[in-house]
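Okay, structure first, notes after.
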Amino acid sequence: MFRMPGARHAMRLTLFAGLACGAASAAFAAENQGITKDEILLGSVLDLSGPVASIGVPVREGQDMAIQAANDAGGINGRKIRIIYADSGYDPKKAIIATQKLVNDDHVFAFVGQVGSAIVHVTMPMIINNGALLLFPNAPIEEVYEPTKPLAFTMQPAFNVQARLATAYAYNTLGKRKFCAFYQDDDSGEQVLRGINEGLDQVGAKLVEKASYKRGATDFSSQFARLKQADCDIVMFGAVVREAAAAMLEKQKIGWNVDVLVSQPSATDTVVRLAGSAAEGMLGVNQMLPLDMIKDQPNVVPVFKAYAESHGGKLPDPAFLYGYNFMNLFIEAARRTGPDLTTQNLVKTLEQIHDLDLNFGMAPATFSATQHVGSLSTNLLKVVNGQWTRIGVLK
Amino acid sequence: MIAFLQQVISGAAVGIVYALVALGFVMVHKSTQIFNFAQGELMMLGAFAAYTFIILFGLPFWLGAILAIASVAVFGAVLDRLLLRRMVGTKPFTIFMLTVGIGFCIRSIVMLVPMWGTDTYSLPSPLQGRIFSFGGLIISADHAVILATAALVTTALFLFFRFTRLGLAMRAIAQNPLAASYLGVRVDSLFSIVWALSAAAAALAGVMLAPLSFVHADMGQIGLKAIPAAVLGGFDSLPGAIVGGMIIGIVESLAGFYCPEGVKDVAAYVVLLLVLAVKPRGLFGHPDVKKV
Amino acid sequence: MALLEINDLSLQFGGLKAVDGVSFSVKENEILAIIGPNGAGKTTVFNAVSRIYRPSHGSIRFAGEELTRLRSDQLPRLGLARTFQNIELFAGTTVLSNILLGCHVHRRTGLIAELLFLPSARRQEIAFRAQVEELVDLLDLGAYLHTEITSLPYGVRKTVELARALAIRPRLLLLDEPSSGLNVEETAHVGELIGRIRDSFRTAVAMVEHDMSLVNGVSDRVVALDAGRVVAEGSPDEIRNNDAVKSAYLGVT
Amino acid sequence: MSKKSELVTGVRDLTLAGLLGRQRPVAIALLVALAVVPCFHSGYWLSQLTFVAIYAIAGFGLQILLGFAGQVSLGQAAFLASGAYVSAYVERIGLGAPLGFAAAIFLTAGLGLLVALPALRMAGLYLAIATMSFGFIVEEVMARWTSVTGGNAGIAIPAIKLGSLSLGQPWQIYYLSWALALVVLLISANLLRTPIGRAMLAIRDSEIAARSSGIRVSRIKAVAFGLSAAFAGLAGALYSHAIGFISPDQFTIAMSLDLLVMILIGGLGTLRGVLLGAVFLVVSPELFQQLIGLFTSGNTEVAGLRPLLFGVSLIFVLLFQPDGIDAMVTRIGEWVAGPAAGGKR
């Protein structure tokens, strides 16, 4: 090209070094990473500052309390649990970097309770290809269990599964015929929509009208005017907490008393708290029972009491239950595996778990060699005098 | 037809919230030439302040609201004294980025405050759930109040800028700070007042919005909807901001009702681009010619 | 024939007629001065010629081309360059790149050649710098070549702007108040410079100027404007003793 | 050597070596360091540096647009998205990675020109907002155009295939990203020493003077938009393969703002600043987390702290170091190497 002695030399050097190193650094999966004789090292990449921090934060609180309890009780077969958290800020780049660190530098044994669909999508291959376990992510993603992957387990099927069941119930039991859908313009919302359509196909029915909104929307008048005009007899929600509550208020405002059946994200105490009277009579499906229904259980009371003491008397956020239960599920599995805790052995134990009920609001868990999703059933809930109550279980 | 009218009404009701935030944009830009990207976050702060006074401290709604607005106004003035004051004379874009940084910080601080954090809180207004309906047209009491307040605020501001010495000075200051000083007003304190005013407008919007869409750390996003409103209005005209907000609100509402899904979410921006393509400085904007 | 021919040029802002039926011409290789009290429309005429303003009526022919039909950025290619009353430099860059920007019109390379810095681009850069070199020597700016404009004294900035205009290798150079903001010595220097430019580049010069010493010193002809009209035209001496001009100046004091 | 020969033969900056000026040794050292990183770090630093390269590429694009031509864009994320999805699509229909990258670059450049059309008439604030709106619209299109983009569910991106060779390993992406980043850097540097690049600086500083110097402002602006979009497109294509999965919620205004913050903190108008900014953007949150770790129980993060880091750094830089980290480095360099250290621009 032109005079550049130093630079050209550098190029050669670079190329040479590059090839040399490339060859040298073939990635390898360390067996039994993260397990020492007195410690189990876990990792968790969740959103603590971004758009889904409202889930990431309570999930972490739940996991921490479960770990605390286990460690105070002497740990698991003599091993204490240590967990390293990383804030993804819901930024996949950050999630990848953090996961790389946890996998390659910290050599964590398993990732428990990753939060966020995109985050789980981008980190899953890196985790399981490096021989670490991906356990119970907080994201409804079919790819985690379909097809079954040896190192990935989840308690959360894609939302379409529950939506399908809910639709069938509304059609057969409630005798609804004109279905409308109101859903968030993102993956979780569209999963629900898919489930509704699947459910309707089974009975040869069609969706009458659907309306979507963007996360963070504040006004739903046009959507509801549209649904009301379609004059449907039930509105299926694929909405997330805040918007679901605001939508219920809108529905009340326009004085339209149509039945509403909400999906997992909004079948929670928060929605009832926010929507108040407008939430009365609302139906919902959720694998996790609302706080209100379990907060008086003898085994729950002390936990919430401890939480309240450290959080200014507040009840935990519903998402707390995911962190708490999923972590306890791991702890239970690890305990059952016994002192010889290896990736392979834990997988064996998990695959033998049958109908395990932690009695803390979470649906009983059942895994097998061919099925790595813990539960495909869901609770059918209804708001009666400002309180969620269970009126059945859908299978 | 009735459906159409209903959409226009509820659109206008939403638009007015955009407009209130837009007012903040306009006031600051009018007299300091700054585009304050943190306006939405200030609104969010206002909502949280109201939540604190009303729910946590148990004050009556209106009192709490006023205190919230006042405290955010003070915060705005402090921002000006601590940060923006030092930036006088630097490129507009640099100052814009400074406000971006301020936005980051506000959001982060709200998350870090223990009693706020990442949760969503309800802040029911005394009129919660009450609705007026005439001839099939429905408008909720909350929206009615918002409309009324907005009208009030705008008139007040309008008169303020038209007839008070301070107001005149603020208008003058945009053209040249010297003129303002002739009016016997200290320019630097003037900027602080401007910031206080626009922060107050944002907070007011926050208080108004809270009963409808709750209090949470992501509220600031509304600011992004208010920007098109302000731009349509020409970014330097208070009535323009109101009109712009209305247009955005109504367009969204109609698009949501009549157009395929997804259109509603971008309608505001499509309209904005169309307007800018025809009038590069907004509907009410004036071109500025460089003298050589 | 004349190089620049302005015919019955009119231009108004709103109601106000800033220029009203002005006609004059600049011959090859001559130095023409345009004088007149403030607001007489001198700079406006320049801005109309360099297509910053759109005339409402009249024609501006330069080297046989009708300028009113062209964009301002097309003029330099025809050999028309200008400086500004209150200097318009590229403040964020160095003296060197400011002057090199004058060479822009002589650019022969395409985007690709430049992005890849192909030999053609490199040869061109070297050629450009050779030209800059001449100008730098003529206007002795050598000391400031790599200095950012913002850290230059006012006088030097004016010279840089002049150098940039000359890099266009113009046939006609429009100078808007070359002496404004300069002290007596600097002004004298500018005068002698303008003469040198005309001789060494065979460039015609038209300048708007207040300083009569400069005008009388260098210009071959003078056009006097008042209230947007030409009130007198002739040699410096003729203009000096022209009553219309006198009254024009007295009129506005 | 005499002034004249210095200028004309242009040893100062008309050769690559000259371009680096006094930083040549440093640059070569860094180059070698980059080349040997994979020997010592299998994952963590490798992936960080990969993203540094990718963000630098997008950053060079934005620097050309904003730092050189003075045109603000709040919609760069849309260009990255276009690059990511175009390359994904082209590779999905089996035309191969090289074509995919080419398409990503050129189609995105086309998109950039498209945006430039209305943008040419707008200035400052209005341009910023127009580009922001454009970003939002593209976001919605990604979500709705399911047949191509896979919609909100997103699409998995397979490893780059070059014939039989598959670039799936982190170190392979790493080398690819940096090779391309260096090419883009060189191209940007060339821009600055040739007419079109200078013309950009000109229209940034004074459009009127630019016109009267024979520069066709609209065309130069269009070129700036095209180039910056092209680079963003390339970055997007790389990003998609480095991430392995793309969905619309990854290309939001947050990403556009990140890029702006990056070049502002790095240093507006300088290429070295882009590299420094990219390092800051990617690495500082990590260091920050380690730092927090020292004070908290050692292994957790505090909610909501990350925005604070960016916010505070941004405010600090704007108030006390308007020319960004780049200026600091220059000052340090001068202090070390004595006066008159040549800054790479």
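Here the chain labels run A, B, C and D in written order, and each chain numbers its own residues starting at 1.
Please note the rule applied: a residue touches a chain if its C-beta (ideal position, glycine included) is under 8 Å from a C-beta of that chain, and two chains touch if they have at least 3 such contacts.
Quick caveat: nothing in here was measured; it's all calculated off a predicted structure.
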Most centrally placed chain - per-chain CA mean versus overall CA mean: D
Chain pair with more C-beta contacts, C-D versus A-D: A-D
Farthest chain (mean CA position) relative to subunit C: A
Centre-of-Cα separation between subunit D and subunit A, whole angstrom: 34
Whole-Å gap separating subunit C and subunit D, where each centre is the average of the chain's CA atoms: 40
Between subunit A and subunit C, centroid-to-centroid distance (C-alpha), Å: 71
Computed distance of Cα centres, subunit C from subunit B, in Å: 48
Of all residues in subunit B, the ones touching two or more other chains: 108, 111, 117-118, 217, 261-262, 265, 292
Junction residues of subunit D, two or more chains touched: 143, 208, 302-307
Contacts with two or more other chains, residues of subunit C listed in rising order: 52, 84, 88, 122
Touching residues on subunit D, where the partner in the complex is subunit A: 15-17, 20, 24, 27-28, 31-32, 34-39, 42-44, 46-48, 51, 143, 151-154, 156, 169-172, 175, 239, 242-245, 247, 249-250, 254, 282, 285-286, 289, 299-307
For the subunit D and subunit C complex, residues of the former touching the latter: 3-4, 7-10, 14, 187, 190-191, 193-199, 201-202, 204-206, 208-217, 223, 269
Sites on subunit D touched by subunit B in the complex: 66, 72, 118, 121-126, 128-130, 132-134, 136-137, 140, 143-144, 208, 253, 257, 260-261, 264, 302-308, 310-315, 318-319, 322
Contact footprint of subunit D on subunit C as seen in their complex: 50, 52, 71-77, 81-82, 84, 88-93, 96-97, 100-105, 107, 109, 111, 114-117, 121-122, 124-126, 129-130, 132-133, 136, 142, 145, 164, 168
Of subunit B, residues touching subunit A in the complex: 3, 6-7, 10-11, 13-14, 17, 108, 111, 114-115, 117-120, 122, 124, 128-129, 131, 133, 138, 140, 209, 212-214, 216-218, 221-222, 249, 252-257, 261-262, 264-265
